[in-house]
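Next up: some structures, all given as structure tokens.
One chain, chain A, links the two complexes that follow: it is found with chain B in the first and with chain C in the second.
Showing the complex of A and B:
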């Protein structure tokens, strides 16, 4: 495990090299609160409740979910693998003694740790600003919500690793990346809170992992979901994570053998 | 003891082919045609521990494919292969810990960070004990003379400095076998010379088996006692580098300079390269060049005569073009 921590550390270090980038990340994180205020202020104009959310709870949901979404940088995993495989550069990872999947997980952990330095304070400030009147949910649900964030992010990295390594066979997985990003964004509640959707759709979505990456932890954290429901979601996520890990390992072993890297 | 063994090793690639133009592109959507390319054919190879071997061949000869099979990056189509006792394409970590690859155009360094940051990462990757890490870093930093660059951003290093750092990264874990793919590509003459000195030293001092692929014949000639020439995926020469060059470097370049206008007649069996009233350059057979020079000196009384080894590029072209038949 030590070598993967070393990867996390080196990618964390790489993030804090440029002071301007660090400053922009900090400003962007704080700007999130202002942006939420403006957007949802317009949506709620003249209304007290939208889809079961009050203005303050919607703001809180938006800020918390967008903070988690910021940490979800897994999109880069499939794109990067796709690029490296297409250009024959992936070989540099194949010749060093690492587990490929753990490498991408640890790389993401390094970058996410950096981003967390900014989004965590923003989430806490938002809780204090918009959660006036005290936390209405169960403390156990909030803890579960916190635990589900790394689980969800790990699933997304594994899922994108799985997509990316298909470049060994298909040479370009750009279409898969595009298709899944639209689907995932919708099902994660990154566009709208998914409890605004019809019940039938909601029941299907509950069995998919994507809503449990951003939506479920956000709802648990803002007190909008009870512990039992959260536990079911965590179970779904764990099953998907285990399944996706096994599928990714299996696919990597099979697909890398098909890799020829002709002309490179 | 052999550290690399292959027997009847072959690699066949499937390549997609289509007719030119829009019609050809549309047609290929429905009726895809593939052709087979034999990148490496029935290749037998034995390399002993501590050897420094040069792998020479023109573009598309199969050099890189062979190195990719030896490092496990790609799987052979048929034949037997063993590197350090392992089947490379299994890509076992225990195997990967015993070799290193330096590919001129694929960097293992983190460009935003310092070389020391990458060294530390590789220390963990290869579980290098503290004392060995310190000893190796100290040894290579001194050998390569790069102590002043250890704490600067890799991005700001020159290509030569970066290549030295790449080599240190590759050698930190004391690999048994080092694969070098065009390590001097893009380097200026001075850096190339320096790099050759370092590699020679590493091979001698550490006993590292090195397989070098290079287009620069000077790399191979000055570093590798043994050369393998590969063409069309097949081995066309495997033996002493000196013998290889002796066999193919059959001519010398003779230059004569005069202080007065001279009407020079090119001797029999020689090829004129350049001629002016005051200077003449021609290629002469290597055998008997001393006798020829002495005759010319008496006949033309030049102010200067020089005889140089034939340009290595021309020799290489002849090797590639003629195979072993010359």
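Showing the complex of A and C:
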């Protein structure tokens, strides 16, 4: 475990070099909140409640969900693996005595920890700037929401690792990476709160992991979901995380032998 | 002019041969943007499930707006995006040397050397969305109106091009511009989702005149839904002319500051 913590530390420190880029990434969350403020401001004109949300609680949802979405930088995992495999450069990872999945998890932990230092002030400032509502739920639900954020991000890293290593077999999975990205973002609740969807769709989505990466923690943190519902969601997420980890390990062992790398 | 057209056709032919090598990558642009717009459509369908209008726009206008932005973006991906987006890398690595030493306008070559035919289906998809929006709106589309809409859409594609060239000329003066690229992406995404008619006050000034992404799909949509005023049309035309002249001047100005690979 010590070596993975060392990876996290290295990548945390490396972010200091790119601090301007990191700061811009954090500020990107403001773009999403600005979108919410403009579009929902027009939607709520002359209305008090839409889909169970008041304007202030809708803004609070976007403040929280945008910040979690900003921390979800896992798209880079599959893209980087795809790029390195395609160019025959993944060898540099394979020759190190490490568990590949844990390496990507620890790398992301380092980067996200640094990013979080920028995201938190952005959340507070944007909440104040756009006049978002305050927290009005159970403390236990909020704590569960906070705990679900790292779990969800870990799932996303594993999911993207799983996609990325398929480049060993297909040589280029860029097609699939782009294809799934908008769809996953939507089902995560990163575009709009998914409880605005019809109940049938919502019931199916509850069993998938993606809504529990952004939507569920956001709702728990703004007081829009009770603890019991959150507990069920956390259970679903843990089962998916365990399943995806096992699938990724299995796929890596099977697919790595198909790799034609530089220096092998 | 004839020589330039022959040159552009040759670039397209070369690009097609290259694309045949990576056949699956051929449609990446289409699927990436196609999914984005499908999600966009779904988002507004859900919002319109809750309310009747956003600002003064109903579902019909919103569908035309999404289809129009998708079309402008499709044209951007189809014609120039993959060429123009290479400019910062070429400046940084000195690769622009190979362009400025050839007996052809470097910007012309950069614009057309990476035509992406894989984005063509997105144009058809966008056209279908616009047509559906018109039917939802119940608007009568005459030939002059359609011609006006197409002309405005092409002009807004030119404006989109101008903005891309301006932002990608900045690396002549600054080394790191990835942050600018990402901010541009965020601004485009914001304006894909928010119709220009919603902007008021300072946002209207920013997104209509300084970073005019706000008018790109809004103006053609207003034309097709017959809500575009003469003042609005003139204002949009003035913005396009100004940014086109400025983009070409700024590119030439930037080239003078190019330090090349060997200096």
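One rule holds in what follows: the second predicted complex is superposed on the first by the 223 of 264 C-alpha atoms of A that agree within 3 Å, B and C clash if a C-alpha of one lies under 4 Å from a C-alpha of the other, contacts with A are read in each partner's own complex, and residues count from 1 in each chain.
Throughout what follows, a residue touches a chain if its C-beta (ideal position, glycine included) is under 8 Å from a C-beta of that chain, and two chains touch if they have at least 3 such contacts.
What you see is a predicted model, and the numbers here were worked out from it, not measured in a lab.
Once the two complexes are laid over each other on the shared chain, residue contacts for A:1 go to neither chain B nor chain C.
Touch criterion met: A:39 reaches chain C, while chain B stays clear of it. In the superposition on chain A, contact is made by A:50 with chain C only, not with chain B. Of the two partner chains, chain C is the only one that A:196 touches; chain B does not reach it. Legend: residue contacts after superposition of the two complexes on their common chain; A:92 is shown touching chain B, with no touch to chain C. Contacts of A:179 after superposition: chain C is touched, whereas chain B is not reached. Taken together, the two structures place no residue of chain A in contact with chain B in one case and with chain C in the other. For chain B in complex with chain A, the touching residues are 13-15, 37, 64, 68, 71-75, 89, 91, 93, 96-97, 99-101, 103, 106-108, 110, 112-113, 117-118, 120-121, 123-127, 153. Contact residues on chain A toward chain B in their complex (touch as defined above): 2-3, 5-7, 10, 13-14, 17-18, 89, 91-92, 94-98, 256-257, 259-262, 264. Chain C meets chain A in the complex at residues 22, 24-25, 27-28, 31-32, 35-36, 38-39, 42-43, 46-47, 49-51, 54-55, 176, 178-179, 182-183, 186-187, 189-190, 193-194, 198-199, 203. Interface of chain A with chain C (complex): residues 20-21, 24-25, 28, 31, 34-35, 38-39, 41-43, 45, 47, 50-51, 172, 174-175, 178-179, 181-183, 185-186, 191-192, 196-197.
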